[in-house]
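Below are two complexes that have subunit A in common, paired first with subunit B and then with subunit C.
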Partner chain A sequence: MVVNFPSKEWLIKYQEALNGEAGKAWQEAAKDWEGDFLFVIEADDKLEKDLTFYIDLWHGECRRVEFIEDPAKAPQTEFQYRGKYSNWVDLIHGKIDPIKGILMRKFKLVGNKAKVLRAAKAAQELVNTAQKIESVFL
Partner chain B sequence: MWYFCSPRKIAFGEEALEALREVHAKKALVVTDTTLLQLGTIQPVLDLLKEEDIPFVIFSAIQPEPAIPPSREGAKLAEQEDVDLIIAVGGGSVIDGAKAIWVFYENPDLDIAEVFPEDPLVLRQKAGFVAIPTTSGTGSDANWAIVIKNPETKQKLSLAHRELIPDLAIVDPQFTKALPLSLTAATAFDALTHAIEAFTVEWRNDFSDGLALQALKLIFEFLPQVMADKDNMVAREKLHNAATMAGLAFGNSQIGGVHALAHSLGAVLSLPHAQVVAVVLPHMMRYCLSEPIIEQRYAEIAYTLQLVNTLDAKGAHTLIDKIEEFRKSFDLKTKLSDFGVTKSLLEEKMPLIIEFALNDTGSLVNPKELNKEIIRTLCYTMF
Partner chain C sequence: MVGIRGKLLKVNLTTQEITTEPLPLEIVQKFSGGSGLGAYLYYQFIKNREVIPEAFASENPLYFLTGVLTGLPAYCTSRSTFCSRSPLTNIWGESNVGGKIGPALKFAGFDGVIITGAATEPTILVIDDGKARLLPAKTYWGKGTYEVQKQLSKDFKGKKIEVAVIGPAGENLVKYACIMTGNGRTAGRTGLGAVLGSKNLKAIVIKGTNTTFDLPSDFKEVSKQGLEECRDGFSFELLQEFGTAGNVDVALEMYGDMPIKNWSEGTIENAGDLSGITMAETILVGKKACYRCPIACGREIEIPTGPYKLPRIDGPEYETCASFGTNLGITDLEVVAYANVRANDLGMDTISAGETIAVLFDLVEKGVIPKKVLPANCKCTFGDDSSLITLLEVIAKREGIGDVLAEGSKFLAEKYKQAELAAQVNGLEAPYHDPRAFSGMALMYVTSPRGACHLNGDAYLTQQGQYFPEIGVEGIPDDRFANEGIVKALTNLQSYRQVYNAIGICQFYNPTATTIAQLLSLAQAQKISPEELIILGDRLFALKRLINLKLGWNPRNERLPRVMLQKLTGPTDGHVPDVQYQLKEWYSYRNYDQETGRPNKEKLEELGLLEIL
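The block that comes next holds the complex of A and B.
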């Protein structure tokens, strides 16, 4: 089923993918990972307002997701990865990788960066899994 | 958007050490290792500092494959002596270890693993930094990287920050004059790998491409000349320049899967970096060859080096064959078992080798995706 990005439906599909067959490589790479994220998709000329995905990742399992329309209601998380909508599209299409995105200042990572760097493969597989979702973009 | 970063100044060629006279300092910390100290390799630096009336202290406790604790000790010495200049004289281990001293000296409470390119890093408040490479391999004299071992986790940390680029790199061939041929060949293979990876990883760019290709031309032309005549200082100078150019290339692009796996094997099995790089290089190149863009890029290198007359796929294979021929002719190790690694040790350590290799940033930007099975297969193929 094709789903719109970004949407609540996309986020649910993403959780299913991470926990399912499509997420096998991520599950393996993230088997020791403990930490939750806010993925903040910032408004640009295509997206009207900021949207936030809450994603709780724990030992190779995506335990919980939440689609947050009001950024003020976002919970405190260990990490935040944020960037403009068009940059998220480039990331999902594999045009940039999650670390280069930061170095190009297209994304900002808030939290213990050393912990994320030590789990570079898991970060890459998070993106690879997102690429497996049949998505429609704005 | 991307950046090109380099030292403010690179002095190269015969008598490049004279550039150190331009540096003003009230006291210097000279960082090196015990071998270079005993051999007298650093003596020209000490003589020049004396001539310029710059007092100095020497810290020579940096070990091959540097680890965090000696650098913390070096920072304590820097603090006690209140130095305002750090001069690293050595190979990659010394320069990386000295960079870590610099970080700890200026940021005593920092966990070095937290150094991250886009975060602030305070440097140059207490000291400037000069790098004088004594091998033609590392490239650390010209770029933003530190590779340092965390003895607690055994992992080699690959850290990078633009502030870590030395203020001055002195690429003077006199410092390689006494370098044994075995080390000359091994470190040159490290430089060769820097250039090949800079030219092929996902982060390659126009600036790094140019430097990488010229570095490769110099290495292919002048490494055999040095190996044939270790006193050929013209060839040594060209090789030395090539290593720094390759360092600039990968510092502004990235290293890839060869270094990711070599870092991991080096850390887990305690293998010397440059030699293990030479073992991994052709295997990783063959693995990446099935990516059409990489076949094309290898072919472009082969064509530039005039190994072939036409720009086609044949060149890619010729390049890898030539690298293996080089490796053999220079008596470099070709297998992991050449280091005394046993199959049972390899099997026992395989989970850690895989974990470290896949989580090295070099894996992230490798032109062909790496996974657990591929790392395992490569390790057994290299055994």
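The block that comes next holds the complex of A and C.
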């Protein structure tokens, strides 16, 4: 099923993908990972307002997701990865990788950078799994 | 109002004569300082000679040169360069160093030192605020670089000195001997420590106290603006926090950029143990900065107990974590840290030493080298920690197999008829950024004026998105394995880094090219645009190419050995760069003749080089 990005439906599909067959490589790479994220999709000329995905990742499992429309209601998390909508689209399309995105200043990472660098492969597999979702972009 | 002193010190070690000569501003404006000025001076030296002196001939000059920005009140202006004919490659040799030695030379009143001749006895050159003298160095000869630095500090009691020193490897003419300076900073590449050794010059001691320069009032403002442009960048932050080895996890896990077991495997278990993050969690006790550096990527470590016990001392960088770590199949950070200190003390380049040992391990594992030639109790196979330490010692002393290893990886591999096993170009061992991970590193390695080198073009960062749009370093394909569409941007990068190596600024400090052009304009009283930086870089690159042609280099050398072109599993996923494709485009863009390797006449004219030929 094709789903719109970004949307609550997309996020649910993403959780299913991470926990299912499509996420096998991620599950292996993230088997030691403990930590939750806010993925903040910032408004740009295509997206009207900021949207936030809450994603709780724990030992190769995506335990919980939440689609947050009001940034004020976003919970405190260990990490935040934020960038403009168009950059998220480039990331999902594989035009940039999660680390290159930070180096190019297209994304900002808030949180313990060492922990994320250590999990570079898992970060890449998060993106690879997102690519497996049939998505429609704005 | 300029940032240079306008004076070069000339030291003839044979006659013991010390003189000075003026350095005209026009020369600096055309060729800059550092390796650019070195290339100009060396070209003047060789251009009318029928026979050009070999690297260890006493007539072969060695230049120690500051850049226009070295020591000025701007950020990261620590760099200076040693240049000469390289004993390892027999072509142009240059080696850039940070720390404080370059600024000290300028504070002592000189832009550079030209060293010729050879002393009959071990000697030290002392440069002391505008004056210079030679002293006997018998008491220092044979000693390690750390001990000599300590001893010199004691002997020059009360004086704040900076020291460049060679170790036993330099004395014994190990072809990749380095020159160590304070703060653990090294002019590591191309074996120029051995050139000093051939001249019996153990150390250069500098005391310089005049830190003032007659610069325009807005110089400091432009410098501040430069810091603002890059201080919140991720790589800046990463270097601050974890040093260059902070890159290890990403390089290995995500990109496959860090070679494993002589460039032959795609993954290795537990390599994260070598990262700057592990270092920070375990043996790190402090950080060190070069002159006016807000990054402080230098690491200080301590290993209080165990077989690799170390006092508080310099920690390994990314390159050494690869050379003594992954490329040898070793993932114990304490071993790598210890080997790094031994190599520094013995005075040899860790990149070349590591690759040479990797070739030995490879030859042993392939059964090519008879075990009887190996040092006692050394297995010399991948992962063998103790052999690494022993081999460093025998190389420095040229004992047994060490005498062969002291000639470098190319010599070793050719001796055993396995030339394609040595990861080198023109005899210089490749640094540890794999062209299979970032295709553009292939072009940078094969065309670099000094042999395989990452400071003549850090394509691996450009292909991760480090762009300089004002000078055309941008817009390359997102695919890091691409061969098409990368050459123009990377050729501009190559020229830009020529400028960096000449002006005395660190490549980890990357404000916009506009800011660099402004700083240089103010420091050398000449309006320079960002585009003109590339013309300057093109000029220096072409001049070094002309030098190499005179030294016998030819374009057949522009290739990667097979060991670097094997298809690997892991993050590089079987990709290999198309070197020939990249080269063809590069020759066309540079306007050089691919048959001869020579810049075309109109190119030389455009660069203003015809008049000096």
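Methods note: the second predicted complex is superposed on the first by the 138 of 138 C-alpha atoms of A that agree within 3 Å, B and C clash if a C-alpha of one lies under 4 Å from a C-alpha of the other, contacts with A are read in each partner's own complex, and residues count from 1 in each chain.
To be clear about the criterion, a residue touches a chain if its C-beta (ideal position, glycine included) is under 8 Å from a C-beta of that chain, and two chains touch if they have at least 3 such contacts.
Model, not experiment: these values are computed from the prediction.
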Superposition on subunit A - do subunit B and subunit C clash or fit: clash
Touching partner for A:112 - first (subunit B), second (subunit C), both, neither: first
Contacts of A:95 with subunit B and subunit C, given as first, second, both or neither: second
Contacts of A:74 with subunit B and subunit C, given as first, second, both or neither: neither
Which superposed partner A:121 touches (first subunit B, second subunit C, both, neither): both
Partner chain in contact with A:25 - subunit B first, subunit C second, else both or neither: first
Shared subunit A contacts, counted only where both subunit B and subunit C touch the same residue: 97, 99-100, 102-105, 113-114, 117-118, 120-121, 123-124
Subunit C-touching residues of subunit A, taken from the complex the two chains share: 90, 94-97, 99-106, 109, 113-114, 117-118, 120-121, 123-124
Touch list for subunit C against partner subunit A, complex: 233-235, 237-238, 241-242, 246, 249-250, 253-254, 272, 275, 277, 280, 461, 464-467, 478
Residues on subunit B engaged by subunit A in the complex (per definition of touch): 1-2, 111, 113-114, 116-119, 155, 202-203, 358-361, 363-365, 371-372
Residues of subunit A that touch subunit B when the two form their complex: 25, 28-29, 97, 99-100, 102-105, 108, 112-114, 117-121, 123-124
